[in-house]
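One structure follows; several queries about it will come next.
The first chain written gets the first letter, and so on, giving A, B, C and D; residue counts start at 1 in each chain.
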Amino acid sequence: MSQALVDLVRERFPDAKGSSHRGDEVVTVRREQVVDVVALLRNQAEMKLLRQIAAVDLLTFAGESTGGGALASIEVPAYALEKKPRVEPRFQVAYNLYSIVRKQSLRVRVELRSDDLKVPTITPLYRTADWWERYVFDMFGIEFVGHPNLQRLLLYPEFVGYPLRKDYPVRKRQPLVPELDFPDLVRGPGPGPGGAGVPMSQTHVGRQNVDPDAYD
Amino acid sequence: MTVNLGPSHPAMHGTVRLIVTLDGETIVEAVPEIGFLHRGFSKSSEHSTWHQVLPYTDRLNYVSPILNNVGYIMGVEKLLGIKDTERSQYLRVLAGEISRITDHLTCIGAIGLELGAFTVFLYAMEARELLWDRISELTGARVTTSWTRVGGVASDLPPGWEQKLRDCLPRVMELTGEVDTLLTRNRIFIDRTRGIGVLSAEEAVDWGFTGPCLRATGVNYDVRKAHPYLVYDRMDFEVPLGASGDTYDRYILRLEEIRQSHRIVLQCLEQMPPGPILIDDWRYALPPKKEVFGSIEGVMAHFKLITEGIQVPPGEVYVYTEGANGELGFHLVSNGKGKPYAIQVRGPGLPILSALPRLIKGHAIADLIPIFDSINMIGGEVEQ
Amino acid sequence: MPRTDLSPGERLYLREAVRGMGVLARHFWKNLFGFRDPAPEVMERKGRGVNLVSTINYPEERKEYPPGYRGMHRLVPRLDGKPRCVACYMCATACPAQCIYIEAGEYEEEAIEKYPVRFEIDELRCIVCGFCVEACPKDAIRMDTGTHAPAVLSRPLAVFDKESLLRGPAVEHSTDVLTYRVPLKTPPR
Amino acid sequence: MIETPTARLAFEDFGPAIPPRPAFGRWLAGTIAGWTAFVAFLLFISWLLLAIAALFARLGPIGAAVGNIVGLILILVMVTATLLTMADRKWSALMQDRVGPNRARLSIIPGLRNRPLKGIPHVLADVLKMLFKEDFIPEGAMNNKVLFNLAPLLAFAPAFMLFAIVPVSPEVTFLGQRIQLQVARVDWGILYVFALASLAVFATALAGWTSDNKLALLGGLRASAQLISYEVTLGLTLVGAFIAFGTLRLEEMARLQGMLGPALRSAVVLAARAGDFLVRDDSVLFGWLPSWGFVYQPIGMILFLVAAQAEIKRAPFDTPEGESEIIGYFLEYSGLKSGLFLIAEYAETVVVAGIVTTIFLGGYHLPFIEPTVVRHFDFAWLSVFQVFAFIVKMLFIIWVMFVVRWAFPRFRYDQIMRLGWKMMLPISLFNVALTAGIFLWAGREGLAWMGGIEWLAIIAFVALSARAPRAEEAPHASH
């Protein structure tokens, strides 16, 4: 059923690769094409619902040797990382699309090399892509070019590193963020760029980053 | 005037922070800030076996944990390409629908609570307590259920449980009816909710809404109907649809879904066949204790499953079920070893919460409360 | 989806006001003259003068945990009072929270199997998932004590050692004899 | 219940899970004894109030005034308001299937150790807590410290002063003194209430502004707008009652709702002469209806209750607090000052209940049996029963106000304004016009007929206006 969707994409983008696993249809496209492919699916296949943007770091995909057990594998030993062959393209970004009308789903996959982690944003097509792209940026450090407000979503701005990358040490400690003085809310402008108001340094959504018309 | 609401503010249940710019009492702009409850679900899961992820899923949507258990385990089963036994499918649907009722009761109660009708909240909680007692008897814990297993469920119905459930369901529906009496046709409530936080159907899909919030706008998308999983295709239930997508519709739709879930629960009890609750395949499911105690094969299979975990063939799937707040998706990647290579969860609350600035813009600050409650943001699943 | 305009009575707030107050007043008088029932199970709350109060006055009255409830751990003793545990580390491996610590040793006088020299559970780390019970190949750890882990005043007190965990009724399986290399000194009852 | 071995384990750790069931007979005896004690207590309080007034009245006119102040304001209002903090929680608990607070114990008294006494010690605990909490003044409020401290006083004092004009008993000779349980008998009567009630606006506005907190400021703004708006309705709803009774003085209004003194006396004398056991109550309308204010003014009474609820900022009109949105104008107050705000709210509830009782529920009058009581006892005993009746009626009104408080969701700020100006004001104006017209045309009898018809209409309206039919029939989806 969903094979038709893959064909639809391949008709326009001949170098797109289709694959399937357990009934999930995947089409892998080049990074430059992703906006066009998603727009094509959205407009011609009525895939109006963007379920999720997920990303995978393939660094240890083949080389991971431990079996199960939390005790056995709390941390990838340093020597294992050293010898790891550089997997390229290392990152995959998966857009899970769905058509409510036709009840079809399709995953658009983009593969990224670790030296050039940039994907064009699809926020003009799906508003829900806003937070999902921020989430992926937050967790993997993949930059979405053209995103209106590419900030960390779940973590705080002082966080060092990208936790869902496979080479992020599990037991790494983050530096403590000093607490700033709470500005006087009524008299006198506070330190934030918006004048008196919320202490900006503590937030990762400062007002200065928000276009007032971005949400409407 | 900029007002900071949260992360500890009576209206921000869960831990979310809203930075609201006001003009008088009208909200000009609102910026939600999340992550105060971020516990690293994905990263933790990558360092556990497939089985050990289960307790984490309890803690995603902590008001309806069984639905998360079921959603996750179905993902693993999809990766494995197996199906669980028929009785366990019924059990999953049964417990899942009870969980859905508890979730909706929580949401409705919270709407009442924060609109000042504390009584409604307590009636809803009383009903929820009864159901959580049943869940507790069934799974061994009220909230941290960890009840499903690959290929089945952990425990069968305890003796006499069915009758207990049948006895307490009327009381639950009676309390739901009292909530209905207190709120649904009350003009104060209607004035507070009708026409508040309206979203059109196209916009709702664009924002990635699913579940009751999407159906309140009139879009007929319920995973249980669109892609029937487990035994939902054998159940006779309806999907209530709203018309205008406002807060009132979201409220009344949840109320109606409680009634539909009640129907499903009763049907499950009637149709449930006897039989095993776990598949008899020692590659995936733990052998029965008798075999473990008494036979060398059983012990070996047992040890292999515990130490190495379930060996899931490599692959990548996205599995979606109908959570209480919408489509609960798990994006699972396996590399053929005993641990999940990558897990990312699509909490239904995250896209909905991201639309909160759009929903509350232009409304009074007092309207923030019913809108925020009616989208039923659960911190656990949004912030993972 | 009932979604209609309001009837005149509802429009004037009056009708629903009276109905809503009626619900509350009914609860009020029922509970005021009600016969306070200490057992809050709704099934047992039928009969004369029974009220609807669902509160449990906790320390004085408690709801009994259901039989399958996952409560505090216990180490199951054998008939001779020694732990059934053979220190196989299965529970420690299966535990997602890594709250179990085991040190194995061998019985000197009885040639049976290994036994845990130390067996400690950090009940503060425990997430009560019950995987350890499932993972045990000897039925040596159970969560059927019917209680929860008690509150403690400092963190070290929440680490329960073998002696405090080893309690409750002894269990003997018919297959146990297969694992004894010599018969038990105390014959089974 | 200790049957299984594992249940024994739990028992070892924590004792029995479920205490034995109380016997039905014990429950019955307890209930009867409790209610008897309650009624006896109220009767005693009634006697005490009169006795205090009589004792002080021996000291002359100023003494009489002081006695009334002590008895009514300090004992009746203060104690009731304090107990209401408890009653609010207990009653709401009963409405919500809970038990309510029952943990505080008077452990220092030997016999009362481990006895919750139905939670009454919580009142003491609350008071102690508020007294000993740190009195925190936020930095931003330091510039306006005087005004910041003045606000709770401005809220507190008028609430208690309001009760000054409420008559709790008729003029009666008690213990040899001619007394009436009323602090001030003034010509302008109820206007005093309106004048003082508007002082509360200053409290909220000051509290909101000086707190130097945005949410408190919002609360203060909401409160001042709401209070000023509802002043108007509050006044207009009572105009009908003024027309019906022809006076502004509350003691006059109360007196007019039962048998007047001379008539009562002569009726009793006649009955004594005839040897009748029962004496007919001449004030009863149509032979069965007490001639109370609610008969003449149904709409006025309902509107007054609603407007008063809004005026004292209780739910569903509690937007100035709106604890889930903005925490309220008293957000920055702590300790005793916060307590003053809270107790003022309960005192206002008592006052409103007192005024409603006086104007609409016959004040201290007992229907039907007043002359009979006088015939068999005397006027002093009658006054004890009358004070008792007043307190019971007042408690009933308070109870109704609490049920309202717990039954409804909160209004939105603009909806309160709309309700006040667009619904209640026109209706109360209409009520005034209708009452005046009927009164001119047919006098008080006519008003009684009008009231009866209005009551019937309201009941029919509530009972017969069913839930609106489902216009759009369920667009359920089914695949």
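Brief remarks on what is shown
The rule we apply is simple: contacts are C-beta pairs under 8 Å (C-beta built on N, C-alpha and C of every residue); 3 or more make two chains touch, one makes a residue touch a chain.
Quantities reported herein were computed from a predicted structural model and do not represent experimental measurements.
Central chain (C-alpha centroid nearest the global protein C-alpha centroid): B. Counted by C-beta pairs in contact, the busier of A-B and B-C is A-B. Here the CA centre of chain A is 60 Å from the CA centre of chain D. Separating the centre of chain B from that of chain C, both taken as means of CA atoms, is a distance of 24 Å. With centres set at the average Cα position, the gap from chain A to chain C is 41 Å.
Shared contact sites, meaning residues of chain A that touch two or more other chains, fall at 69-70, 72. Counting partners per residue, chain B has 48, 51-52, 119, 126, 182, 185-186, 188, 220, 226, 240-241, 243, 306-307 as the residues that reach two or more other chains. Among the residues of chain D, those in touch with two or more other chains are 95-98, 214, 406-408, 467-468, 472, 474-476.
By the touch criterion given at the top, residues 48, 51-52, 54-56, 119, 126, 129-130, 133, 136-141, 144, 146, 154-155, 158, 164, 167-168, 171, 178, 181-182, 184-188, 190, 240-244, 248-249, 252-253, 256, 286, 289, 292-294, 299, 302-303, 306-307 of chain B touch chain C in their complex. Note for the complex: chain C touches chain D at residues 1-10, 12, 14-15, 17-18, 20-21, 23-25, 27-28, 31-33, 35-39, 48-49, 51-55, 57, 60-65, 67, 71, 74, 144-147, 150, 167-169. Chain B contributes residues 2, 4, 17, 19, 21, 28-29, 31-35, 38, 40, 42-43, 47-52, 78-79, 81, 202-203, 205-208, 210, 219-221, 226-227, 306-310, 315-318, 320, 327, 329, 331, 333, 335, 337-339, 341-342, 344, 346, 350-351, 354-355, 357-358, 361, 383-384 to its touches with chain A in the complex. Of all residues in chain B, those touching chain D in their complex are 1, 3, 10-11, 25, 112-120, 122-123, 126, 182-183, 185-186, 188-189, 191-192, 220, 222, 225-226, 238-241, 243, 364-369. Per the touch definition, chain A reaches chain B in the complex via residues 21-24, 26, 48-52, 54-57, 60-62, 64-70, 72-74, 94, 96, 100, 103, 105, 107, 126-128, 130-132, 135, 139, 152-156, 163-164, 168, 170, 194, 196-198, 203-205, 207, 210, 212, 215-216.
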